[in-house]
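What follows is a pair of complexes built around chain A, which joins chain B in one and chain C in the other.
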Partner chain A sequence: MSKQTKFPMGIDSKKISGELFALTYGALVAELLRDLENPLAVNRQLDKMGYNIGLRLADDLLAKNSQIQRCTDMHQVADVLAKIAVRSYLGVTAQVSNWNSRNDEFSLVLDANPLAEFVEVPPELAQDLRYSQILCGAIRGALEMMHMEVQTFIVQEHSQSVEIRVKFIRILQESVPPGDD
Partner chain B sequence: MLIQHVFIINRAGSLIYDWDSKVDCTGVEKTFSYPLDIVLDIIDQKVTVVFGERDGIGLRYTVSAINGIPVQACKVIFDGVEKMVLDVIQEEANYPLSIRFQSPTITTNEKIILSSTFHSLYTIAAQLSPALKSSGIEVLTTNHFKLYCYQSTTGVKFVVVGSLSLSSGVDGLLRRIYELYADFALKNPFYSIDMPIRCQRFDDAVRSLIERQDKFSMLTI
Partner chain C sequence: MNSLVSGPYFPFEFLHAEIIRYEKQREKEQIDKRKSWIEQMRNNPQMEVSLLDEQLKSVKQVFIQGNAETRLEALGYRVGFVLVEKIAKDLPRLITELERMKFLCKEFWTAVFGKQVDNLRTNHQGIYVVQDNKFFILAGFAEGKQYVEESAIYLAFPCGIIRGALYNLGITSLVTSSVENVPAVRFHVHMQQKS
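Right after this comes the complex of A and B.
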């Protein structure tokens, strides 16, 4: 993030924005639920928003972490997501687990869920609503900018952690820049 | 100024941003008597010097005015009548003539064409490479300038054209421009991806970055 805003001495801008982010996101989800009146439609909308964020955030991550090379397999993708992306944008650590036998699908488990820190999803919505669906969209969008089509969905989530399943579909050959294939 | 141009080329090969250092477009004005010893021809709808460089009038200079009257699309109002510039110059009775020449400039349209040509060249270079995983064109050196190119993993190209003495710190400069692009273009919700960048804050940031870089290069030379 570029430091444009000046905060008073002794206040870490990143710590303030974390809470503001969680509250803003909560307001967004609540508003979407009121407007759409259908938790599944809310999931779709959150996913779309996340996707658009991911498309823009991929370049930010690459510009500020020059050590990230082009990923050539899913283990590298998992590494970048868990060790760099989640840490720099959400401020939490993440573990990679549950690889499938073909090594193209894994679970990304966030140790805490900064989006749902203050959230109690009502029981009648808990079945359908994927509160942190925006994360899935963001991962999908960002990987698309890196020329990979993936499928992402939330396996389980609560305020202590969230588990996101990422599955590789294909390389987007038509958008791979020259010199990288 | 060590850095003359900055270009950003999107994944499809079209120009989305360009920056120019302030090039002094001062022309040369001179009075000629018959016969004119400079060979002129029409190139790209401009009356252009093709042979006979002299007195600071070089090749590719274009005629911008005759007797103080501006030339428009190869034509000029001469004695109250619109005439072709080449016809006026051939007529002995019109002399002495005062002709104003302008140094060659590059229009936005030409920049767009050159950018997509460079994009193709880059692709060809990467494919021609005998080694696997060629990075494409990183530096291009000529007698008068150097061109540096950095392609991000997502496929956006950042190109800097500068003088030959430019060498240290260009990689850092290109990466800084990439960061500015990520910050001020991509994080601006009203900017649509892959479209030309028209953001004042991005402009300002690029300008101050290049000014700083120029000062730094002056010190290290």
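Right after this comes the complex of A and C.
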């Protein structure tokens, strides 16, 4: 990719309002619904796109927030996600709750859903379509860059809030691809 | 460099890049599908040759509309159409064409693309050239002529935004872009005669 050869100096890009982002995302979802004709396939596509974004977003986050230290347990990971990542990329705050007894699964509750600000999902789609699925993909992608494999899914979402469940699976080991020796 | 993020920064560039990737992939699939369809028709002996040519024409027409640039532009049109309403709602009525173009270059451009345009020119016959010396979508590209070709598809969406915004202001137009040197972009706005 030709992008990111150098960091744009100005603060121009930050001023671009969230509205542009939300509307663009909305147009994308509508287009996907038209193309794929199946809400479940749309979820998959959104998740894939989110994953690709997450892979790159992780770099961006660490480059801009040098105070983030290496995380040693999921509580720290959850903290970084809720307090830094969500706040700086979506402009809302998030709460972490519902830890399970093994401390490897938690819910991330966004206080507002900036993606769905102007959106009303028609009732016949609400059952299957996960409008904000891209967030799940982004979290999964970003954590994979940190060598953590997680599962993410949306528990519930409205325009006022989203609850995302994050489950830790395993640490990814750095390894040479087979046959690359 | 002020590296600490002060306000939220919406990762629009990443989303935009993903949309482009999706559209490119879709276009490729469409082309493959078309090829196999033509192949099938060729191998079908009952088909009259003249009839086939006739059909090919219409099929071509259909597929042209599914071209990645066109679809990105249409997507942008939709976004621009809504966006301009939000930005212009408290403004006094814009009467002349020039006033509307000025609004586009100042308020709209600042709100959406983060800065004012650097140059606005017109021949007073319905053609405007809007120049932005550092267009935000190309700001992450290497400067110079190296990526001029690749940058084209990244401008389809913004062209649509501009066309959509103008349309909602009452101007029907055709918007194209040209790049000579990344990240400077020229948008050419051709006004269409109202019928």
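Assume the second predicted complex is superposed on the first by the 158 of 181 C-alpha atoms of A that agree within 3 Å, B and C clash if a C-alpha of one lies under 4 Å from a C-alpha of the other, contacts with A are read in each partner's own complex, and residues count from 1 in each chain.
Everything that follows uses one rule, which is that a residue touches a chain if its C-beta (ideal position, glycine included) is under 8 Å from a C-beta of that chain, and two chains touch if they have at least 3 such contacts.
Predicted model, so just to flag it, every value in this text is computed and none were measured.
In the superposition on chain A, A:Leu33 contacts neither chain B nor chain C. In the superposition on chain A, contact of A:Met146 is made with chain B only, not with chain C.
Looking at the shared chain after the overlay, A:Arg56 reaches both chain B and chain C.
Of the two partner chains, neither chain B nor chain C is touched by A:Ala41. Considering which of chain B and chain C touches more of chain A, the answer is C. Using the contact criterion defined above for the overlaid structures, shared-chain residue A:Gly91 touches chain C, although it does not reach chain B. In the superposed pair of complexes, A:Ser66 makes contact with chain B and with chain C alike. In the superposition on chain A, A:Ser175 makes contact with chain B only, while chain C stays out of contact range.
On chain A, the patch touched by chain B and the patch touched by chain C overlap at residues 2, 56-57, 60, 63-64, 66.
Within the complex, the chain A residues that touch chain B are 2, 55-60, 62-64, 66, 68-70, 145-147, 175-180. Taken in their complex, chain C has these residues touching chain A: 1-19, 21-22, 26, 71, 75, 78-79, 82-83, 86, 110-115, 134, 136, 139-142, 146-147, 150, 157. If you check the complex, the residues on chain A that touch chain C are 1-21, 23-25, 27-28, 30-31, 35, 45, 49, 52-53, 56-57, 60, 63-66, 87-91, 114, 118, 134. Interface residues of chain B facing chain A in the complex, by the touch rule stated above, are 11, 122-123, 126-127, 129, 133-136, 151-156, 175, 178-179, 181-184, 186-187, 193.
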